[in-house]
Amino acid sequence: MDWLGPAEWQAIILSLKVAFWATLVSLPFGIAVAHLLARRAFPGKALVNGLVHLPLILPPVVTGYLLLITFGVRGPVGGLLQPLGIVFAFRWTGAALAAAVMGFPLMVRAIRLSFEAVDPKLEEAASTLGASRVWVFLTVTLPLILPGVLAGAVLAFAKALGEFGATITFVSNIPGQTQTLASAIYTFLQVPGGEGPALRLVAVSVVLAMGALLASELLARRVQKRVGGA
Amino acid sequence: MDWLGPAEWQAIILSLKVAFWATLVSLPFGIAVAHLLARRAFPGKALVNGLVHLPLILPPVVTGYLLLITFGVRGPVGGLLQPLGIVFAFRWTGAALAAAVMGFPLMVRAIRLSFEAVDPKLEEAASTLGASRVWVFLTVTLPLILPGVLAGAVLAFAKALGEFGATITFVSNIPGQTQTLASAIYTFLQVPGGEGPALRLVAVSVVLAMGALLASELLARRVQKRVGGA
Amino acid sequence: MSVSVRVSHRQGDFLLDAAFEAPPGITVLFGRSGSGKTTLVNAVAGLLRPQAGRIAVGDQVLFDSAAGVFLPTHRRRLGYVFQEGRLFPHLSVRQNLLYGRWFAPKGARREDLGRVAEMLGIGPLLERRPGDLSGGEKQRVAIGRALLASPGLILADEPLAALDEARKAEILPYFERLRAEVPILYVSHSAAEVARLATTVVVLEKGRVVRQGPAAEVLADPAVTPVGARAAGAILEAVVVRHHADGLSELQAGGHPLFLPQVGQAPGSRLRVRIAAHDVILSRGRPDGLSALNILPGVVHEVRGGEGPGAIVSVDTGAGRLLARVTRRSAEALGLGPGVACHAVIKSVAVAPEDVGGR
Amino acid sequence: MSVSVRVSHRQGDFLLDAAFEAPPGITVLFGRSGSGKTTLVNAVAGLLRPQAGRIAVGDQVLFDSAAGVFLPTHRRRLGYVFQEGRLFPHLSVRQNLLYGRWFAPKGARREDLGRVAEMLGIGPLLERRPGDLSGGEKQRVAIGRALLASPGLILADEPLAALDEARKAEILPYFERLRAEVPILYVSHSAAEVARLATTVVVLEKGRVVRQGPAAEVLADPAVTPVGARAAGAILEAVVVRHHADGLSELQAGGHPLFLPQVGQAPGSRLRVRIAAHDVILSRGRPDGLSALNILPGVVHEVRGGEGPGAIVSVDTGAGRLLARVTRRSAEALGLGPGVACHAVIKSVAVAPEDVGGR
Amino acid sequence: TDFNVFAAASLSDALGEAAQVYEGATGDRAVLVFAGSSALARQIQAGAPADLFISASTDWMETLAGEDLIDGATRVDLLGNSLVLVAHGAAAPVEGTPDIAALLGEGRLAMALVDAVPAGVYGKAALGFLGQWAAVEPQVAQADNVRAALALVATGEAPYGIVYATDAAAEEGASVVYTFPAESHAPILYPAAVTAAAAEAPTAAAFLDWLQSDEAQAIFARHGFTTP
């Protein structure tokens, strides 16, 4: 692959890392929030729901800006985390945070829909057999929502690969640290004649995302076959 | 609402119009594609699936650029459509197209998950009662996937309100024609001291999207209650 | 209309390889759990496309693998009562009931919502959602939905399994009436239902038809009836003569009076009365001082050994041929054999309401 | 352990307001479709939190609205066979069966997968998914799943409704054995099942308990039995004496011989034999030349008019009290009344295998 | 009459004010379309209904000129700008040429994309001129535009940043500590031209003429722009 320079390879690897961790780490939260929204009634539910969707509604730049003033080293949360050694500003972790936040509404919606499709009667059946709430969740609910979890994960992953506005605003564009594929593509597109190199990176993005997509489809099909038509 | 100037009102109204039509017009396509992906096996399915996800994977600027060179008046599709009186370039219709394209993967995923959750046995039951495929779809499948359709629609609508990168790249930022809320927010953020007005528009965005969100939740709850626990 | 089915279909380890011809009326599919009844019904419904075979109702071919014919399900004009309800959760009970009616040809609309709902006791449930119904209520709505589609062929997979006896007794006459109008394929485990409804019985075992024929014949054969000898019984044709004040109805079968607990039909109606073989006692002499009201003189036609210690004795009486299930020990003690004269004793109360049906 | 239930709960238009006390054994809930049986069972399972009431098993209080006690479902140590299966679609049959075992206290593991699977005839299905099973197969897996949880309380909502008679006959003894070990709440529409299994019968009507008591007592009362007089019957305690070569078993009840079709138990075993009221004929004199083998002399205890033209006559014989269902007309013709001597005639074959159970 | 002005987003305030004055005087309304120079240029390539293009980048103007998409005769360098080093909060200007690497310490230097966005390109050139690029390069945090770079400084995420003087002037959270000498980078210019499509229409050209008037330039000057 001579046609990719070292900086581009760096961007690719970083993007994969960012997308992977963004997806993985946000997944438990995504499941928890989806569960909350699908199954519980509580005061302020509309607020939580709105908050989750916020990154979708706001222009990404605004989200990035909000992340910056919240999770930056001077920000209220960032300041608290820094002593613990958790730093987002100008780190790949920040890119992952931005990607996770941007993908969160997509993930939550997919998982939530799956929660809503689970027949509570099966969960009841499990509880009559002695399974506590947690066990019911792990042995019945979770396997049944797996297609939705997969769908949510792949959406978040794809989004993470494509995310640019919030990321560059939050952690800017530091080659090797926060320069993701999307930032690199954007950079190329800013200058006349940059379409060629940009296109190469777009191709890489697409290939990566298609791989993830195919993998998730295959997995989902296996899961579906197992669950199908009971 | 003195604190909103006429240009801002224009942007708000335009955004609503764009988001509304983007959602409405893409909905049938979203349902059709989701159905295809959920229920049919055909050669090239992976390709269709990938294509649908593309706008998620690509940086929005790239999507906008691709739209520009495809649907612009000089583009292959844009050139074909122009004689028919269908022009996207630099019109609000183009903004709607961009929003629709960007929201499409979200919409399709939500609807697809719902399709996969419909028990085919109910569709079989309808067919034994004399309903042809189309009728089965209209009277059984569609009502049962309604929560997913709603979720997909609200995701697309929210996305349409927040979409900025592809829109500004494709149809630019022409006040009254293609300047949506998100573009207006961007414009404000480009100048010193623009945070104040930008914030006002962000608030408007949030209020609009929350309204849509709440409405969809209420509707979904009604639907869910009707369908619930059979 | 007659039903003709020949189906060969492999499904996992299970091979369905069944063929039967049934004249008009109710064809009951009988067989143990897992023997392929539902699979066969699904093939007739077109929910399953068998690997090979031919299915026809009257002269309409629904499926013919050789000719490449496969009529899609929605054009088969069915009323299918599924084993597991399958009500539409998003529709009210009323909408569920009326669903098939939208698609039925106008002229064919036979049933009336009100009447069917009343018969099934679901009138008060019409505005409810299926999710709020009890198990038996769901099942009744499923029956109503199938009937109201005014089908040209009814498929009923254990339609009454979840219902109490009283409710069954209310619904059975309905199927009896339908028997004359529409071919019915009926899956049941209940001997009483089979005996009362079946025109033809088809016995399935591990995907194969092991016995088929007219109900009276199949049920009289203790060797094949899958529920054992308890299902054996004879069917008498009777006419209602009058209803007595003490709650008994007097019928006449072949000139002989027959006293039964009150039957619903008016004097003059013709009935089918099933007399279970195990409800008949035989006596050499005319018994006296017995609490049984119906004592018919007759002549032994045949004694057949069944499974275990029992034997089925067929006795020709003036009212028709009766079957009696006795122990072989009794048969020998009484010296029963072809040509021997004896009396058949039937308890009036032994004839359950579900054993008396219109014809 | 005894079960004590008092529940008041409104659900839509339906008000469940039921209370009963049941001694150890099987308590059968009996009642028409929609009478509230499932709702009541769900309350005991904790799937429904009643608006008011108290539920206790032995001295463990599961629910007490006054004291604010509500033991969560998973800590009630249940084995619930649902009316509608509810198998886990993502688990194999084996995994479904073993599901409850993970959570059962180690010491309490009573049942063995292999034995239960064999009893239910689902051994060959262990690696299949529930989606590929027939209706009856699903139901059997559901039964197995509940039993293998080694529960302290079994709830069974029409567990055998979807099964053929032969299969029922194989499963019933299992419940009989369990009866001695675990309290069981059992919903059934089948008179035979009730009669054979029930220690206590609780009759529900529109959400209220209209009758409760020992099985023999409730079943002998034709006025309340919801399935009508067909369910009435007496239960005799008998001992197996020997098995004869002609397939009959000789039992002894209160010193009197009783000939029944071969029973499974070894000589010396004690049995419960249900004699349905409609299978008993009464005769003033000792009848002669009858095909019935069992003729017990006795004295009329009581004559009770039932619904319709019938009457239930209880007769004290040496073998125990028998019930006979006769027409009122016969009762009058024979002059039956308290103190009158008569003979009860029971056909051997009238006692079905499902009416004979261990005790 | 209305005409469309495609202008670099950083001009939005100043140009908006100027257009309003112009409309009051002539009745001709300039519809102002702001976006990144690259996006606007590409749109003009794709046939956008632009009458006047004001770019923040000479390159993109060159590109359009090369494709004959602008009326070359009307092209002028409308405005100039200067490049400054800003520090977070209230800070005093440094004496002489600052050693930026030393100032930064562990901190970051916020800039616009140094290879793509004009402000970043100018900044990189200026640092090179000062012989400091190699030293600070690893610490540069590149934003997608000047405003974003400035935001990094204003929030304190980056202690220093390199931005246009026009942006720095209006930002309270940051203060100018150093102005890069004009010779340290290519002249910062905002070239403007009437598009080829609008060459025949006089309104855009008239507006462009007026923008070069003292009246208009005074407005721009108030926003910190210079006359080239």
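Just so it is clear, A, B, C, D and E label the chains in written order, and each chain counts residues from 1 on its own.
Please note the rule applied: a contact is a pair of C-beta atoms (placed from the backbone, for glycine too) under 8 Å apart; a residue touches a chain by one contact, two chains touch by 3 or more.
According to UniProt, the chain labels map to these proteins: A, B = Molybdenum transport system permease; C, D = Molybdenum ABC transporter ATP-binding protein.
Since we're looking at a predicted model, the values are computed, not measured.
Considering every other chain in turn, the ones in contact with both chain A and chain B prove to be E.
The minimal number of chain-to-chain contact steps leading from chain B to chain E is 1. Taking the CA centroid of chain B as reference, the farthest chain centroid is that of D. Distance between chain centres (mean CA atoms), chain C to chain E: 90 Å.
If you average the Cα atoms of chain D and of chain E, the two centres end up 90 Å apart.
Separation between the centroids of chain B and chain C, computed from CA atoms only, is 56 Å. One simple way to say how far apart two chains are is to compare their mean CA positions; for chain C and chain D this gives 26 Å.
Within chain D, the positions touching two or more other chains are listed as 84.
Within chain A, the positions touching two or more other chains are listed as 61, 65, 121, 165, 186, 189, 229. Contacts with at least two other chains are made by no residue of chain E. Chains that are in contact with each other form these pairs: A-B, A-D, A-E, B-C, B-E, C-D. Only residues 121-122, 124-133, 135-136, 139-140, 143-144, 223, 226-230 of chain B touch chain C when the two sit together in their complex. The touching residues of chain B, counted against chain E in their complex, run 61, 64-65, 68-69, 72-75, 89-90, 168-169, 172-176, 179, 183, 186-194. Across the complex, chain E meets chain A through its residues 36, 38, 41, 59-60, 62-63, 108, 110, 113, 115-117, 140-144, 148-149, 151-152, 155-157.
Against chain A, the residues of chain B that register as touching in their complex are 46, 49-50, 53-62, 65, 105-106, 109-110, 112-114, 116-117, 119-121, 147-148, 151, 155, 158-159, 161-162, 164-165, 182, 185-186, 189, 198, 202, 205-206, 209-210, 213-214, 217, 224, 229.
The residues of chain D lying in touch with chain C in their complex are 12-13, 31-34, 37-39, 83-84, 121, 124, 128, 132, 134-137, 139-140, 157-158, 161-167, 189, 191, 226-230, 244, 246-248, 259, 261-262, 278-279, 281-285, 287-293, 308-310, 313, 324-331, 334, 336, 345, 347-350, 352-353.
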